[in-house]
Amino acid sequence: MPDSTPHPSPLELGSPDKTFLDSNELILNMGPQHPATHGVLRVILKLDGEKVLGVECVIGYLHRGVEKIGENRTYAMFNPYVDRMDYVAAVSNGLGYCETVEKLLQIEAPPRANYIRVILTELNRLASHMLWLGTHALDIGAMTPLFYTFRDREEILKIFEKYCGARLTTHAFRIGGCLYETYDGFEHDVKKFIDFVPPKIDEYEELLTSNRIWVERTKNVGNISAADCKALGVTGPVLRASGVKWDIRKALPYAAYPDFDFEIPVGANGDTYDRYLVRMQEMRQSLRIIRQAVEGLPEGPIMAKVPKVMKPPAGEVYHSIEAPKGELGYFIVSDGSTQPYRVRVRPPSFVNLQALDLMVRGQLVADVIAVIGTLDIVLGEVDR
Amino acid sequence: MTPVATPFFFYFLAALTLLSAILVITRKNAVHSALALILGLLAQAGLYLMLYAPFVAGVQIILYAGGIMVLFLFVIMLVNLERSQKEEQFNRQKVAGTLAAIALGGLFVAVFIRGKALFPASSNQIAEGSNTQQVGELLYGQYMFAFEIASLLLLVAIIGAVVMAKKRI
Amino acid sequence: MLDYVTSYLSSNTTPGQAGNLVWALIYILIVFGGVSVAVMAMNWLERKALAHFQIRLGPMRVGPHGLLQPIADAIKLLTKEDIIPERADRLVFWIAPLIILCASFAVYVVIPFGPTHAITDLNIGILFMLGVSSLSVLGVVMAGWASNSHYPLIGSLRSSAQMISYEVAMGLAVVSAILMTSLNPSGTGTLSMIGIVEAQQQQQIWYLFKFFPLGFIAFAIFAIAMVAETNRAPFDLPEAESELTAGFHTEYSGLRWSLFMLGEYAAMIAVSSIAVTLWLGGWLRPFPNALTGATWDLAFSLFPGFLFLSLAAVAWVGVIRMPKHPYFRIQTLGLAGFGSVLGLIGLVLFVPPVRDRIQDIFWFTAKVAFFMYMYIWYRATFPRYRFDQLMRVGWKVLLPISLAVLIGTAVAGMVL
Amino acid sequence: MSEETKSPPPGSAGEPKPAGQPWLSPLVTKLKTRYGSGVLEASTSLGQNCLVLDSSIAHEILNILSEEEEFDYCVDITAVHYPKREKPFDLVWILYSFPRNQRLRVKTMLAEQESFPSSIPIWSGTNWLEREVYDMFGIRFDGHPDLRRILLPEDWKGHPLRKDYGIIEQDQEWVQTNLGIESGQ
């Protein structure tokens, strides 16, 4: 990529023996306990006054060895573990894992299961984006949207709870389809929800979209070009805000997505404001998908024929889905036994977080907060 | 308004001024020195008030205690304190300095004793309540030219400071 | 001695001007006590109002509708362990909150709650206020430095830069209001706080509307600058909790932290008082020109009493709506007691001597309360400015406009 | 549960042989004509294309894939450990091409202690991915500017995703010195 910025070299973090009046440099440690790092992210900032000369992320505080666990559990046993990675979008994690194993087993989930999967995944995307919006706005100082988004996210979690009994780490899907049939009134609940949400999204936008301070805080902050995005492997709304119309749901469709009509919102400048707009549009598109899915929900079985003991033939497969944060991929190597020989998770947050350094160089401390927020990372997924 | 306990307040403020002035030069920690200086300036503002010059007192607080000293503190706080603590407090000229100070003090005392006739105590009582107006009239009337010249000088100084401090303009 | 005390009542000036020490002391106690209570009330009100902006309930547990929450908070803060960081400069760490507290409370010496309801009336009143309130920058800088930690240091650098910058625009806006006082029949202006309000009375116009829109612009500049001056949202960068945890008072806890809070809220009330005095006619009742005559005067003087009665009615409605369950008995009794006290105050306010003496204070407080509500509203609505944007607004927007307004006011004063 | 309890993997080299068909495409032909036997295998299984390359030319081919074949997005880098094999590590790149909308898996085999040139000059986003591979498997990347552990503490001993690292194994010493507790394992 000749037109992309070369990745900046790592910081030389010596202890500053001079005061910053002499050297103009100040090392500021942000986290792992800090209100705006969205978990246990530690960011070491090298500052010139308030200007950022470079950042270094220290991660791994939440490392649980998910991949190692995967090698030591059967395929079905590992399924609940993936929910614990991106815990605000647990349904997406589960979908990705189940589809990957299904691919390995060469089975396909029945259409009804696929529709239910799409409904729940898109609801989860909404929940994830709402959480992102609330915390991002709070980071920039707007307190109120947080409570509005939590109010509306609650409705989604209620649907999850009614469907599978859990609100956050749902474990909603099983390899081969869904374990649970929809409860009575599921369609009614979902329809009610998709009628209820659009005015609420308008409400968030009213508070933020044309708010002068919001615009000033987000426009031209944390810019990243499309070329840089591709070179760094940044995906999801961040990539789309840079103007690349790429969404795995369209590019390499999975589940029941080919059946639905929706658009991929893209931005132009790749700044924080565009990412905000893209995610807001994505929320509306998700509602569109949910409406189509719930109206066209087919009858039929919800579980494919899956062997009692899952022994996929030896081989390997990579499959990825469009998680709310970007491309969530699973690479599974099977040796023909009941346990995967190797499970690799390609976490979107981990790869996206890498772009932080590039995005904040030359900007101010306050922008670091805005950019961490706009990258929408979940440390459970970064560290796994 | 009848003044209350005037001698007490005068001696109190005067002592405070002197004490803080001494603290300014004896503290090793530069920040403490600056704080002592602020205390001294505030005490001085109190003295101005006692002289029925509230405007001068107010300006003293706003400009010196509030404005200039904050900038002072700013600079001092960013200087490496550990190094300055290790440095010697007084250099070799301290004997000469003390002598000069004593001489100056002697001069003041001599003037005070000998020249009592020159400075009659509280001879001109300024009408209370119009002090600010009088200051204004003097500044913008009689001393207009000098006042404007001084402002011009300050303006030049500000521009000069900006030019010198900024790396690129 | 008794004569000394009673002689003041007929003097019709502030105790400071009358030189009456006893009454001055009483006034000081009343004002400082009142401000402290107002700060506590503001604390409760802010949490409550902010909660309702954000579809929450806010404090509900301590007392009916959390009315006793500030007291519980105060007890918690007073009994909390007092931590001084190991490598902090203990002396400076100690003094910093005191300076902020003193600076924001000293301002109240000259605030006129009524023509005679001020501790004293200084010849340089407004200058004194600006001067003393600017001293709180010192406290901020000292707190940040003494903590010997990066976040407080950056926070204090930010906030002192911010306070100094906005003082300039604020001062110029104030000057343009003072310029208007010189249009009095007497021909000379005044810096005295009481004098400024009286000038508005004589000119029969609040300076907000004088030379419209000049007065209004100056007021708007002041209203923006005062939010920045008190480090409140959307200019709360020094305390930007998402970046600098708590800014200059990150390392403070317990009592000393509560002194910072007390100072901050007292300063908010103080600057609002300046705005009210300079532009909103201080203690003057609304519509002094449109609704004149003895009947209207009487009607407006009854207003405070009615307000308190209606507040009492709200409290009593709450009592009636309380669930009839033994668990809620204490809550219900508390609310009923509160309502009764409010009602009693309302009734007392109808007594003619009280009514005449209190209505100035009432209108002044009501106007200040409006500003305090605006503070809460800003906090609920606006995101936070970034530091460079904040400086840009201060120096490149507010300062030129306020200069232009100042010149405009001078020209208008000469021509009109 | 360590690898002893696992059923022995089929295949003589200890590698599960994927049941894939040969993958025929202009790209493979081009690479095969240019590098001959360096392209060990080009297969497609479960609808996914895979290239197995010799480690000596793999870096060069990655370069070609990026520059000439428009694989402009390196999705992931990971490794698989086959302890019984002669060259025990599979280094896997998952590539994607935006213009072609095509995914490609590139594999190469590395011996113990063998290092591999870093792909950062090709895709700058591989920085952390390579660090993670180093952290988990101990595979070194030449020319990586900052090859440190990323998820585990810097002075941790062992590479946990190797098959000889048991699921409950821990760096007891590290836990004791840094956390001050006996590890509960």
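Going in written order, the chains are labelled A, B, C and D, and every chain counts its residues from 1.
Note that in this section a contact is a pair of C-beta atoms (placed from the backbone, for glycine too) under 8 Å apart; a residue touches a chain by one contact, two chains touch by 3 or more.
Just so you know, these numbers come straight off a predicted model, no measurement behind them.
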Taking each chain's centre as the mean of its CA atoms, which one is farthest from the centre of chain D? B
Comparison of B-C and A-D by number of C-beta pairs in contact, larger one: A-D
Centre to centre, by mean C-alpha position, how many angstrom separate chain B and chain C? 31
Approximately how many whole Å separate the CA-defined centres of chain A and chain B? 62
So what's the Cα centroid distance for chain A and chain D, whole Å? 24
Where the centres are mean C-alpha positions, what is the separation of chain B from chain D, in Å? 73
Shared interface positions of chain B, touching two or more other chains: none
Could you say which residues in chain A touch two or more other chains, in rising order? none
Residues in chain C with touches to at least two other chains are numbered none
Per the touch rule, the chain D residues reaching chain A in their complex are 1-2, 6-7, 9-10, 16-20, 45-46, 48, 50, 66, 72-76, 78, 80-81, 92, 94, 98, 101, 103, 105, 120, 123-129, 132, 136, 145-146, 149-153, 160-161, 165, 167
Which residues, counting only chain C, touch chain B once they are in their complex? 16-19, 21, 89, 91-92, 95, 122-124, 127-128, 130-132, 134-135, 137-138, 141-142, 145, 153, 157, 160, 164, 188, 191
Residues of chain A that touch chain D when the two form their complex: 1, 4-7, 9-10, 59-60, 63, 65, 67-69, 71-72, 103-104, 106, 230-234, 244, 246, 251-252, 313-318, 320, 327, 329, 331, 333-337, 339, 341-342, 344, 346, 350-351, 353-355, 383-384
Chain B residues touching chain C - in the complex, by the definition given at the top: 1-2, 4, 29, 31-32, 35, 38, 54-55, 57-59, 61-62, 65-67, 69-70, 73-74, 77, 128-133
Within the complex, which stretch of chain C touches chain A? 50, 53-56, 150-151, 154, 158, 233-234, 236-237, 240-245, 379-389
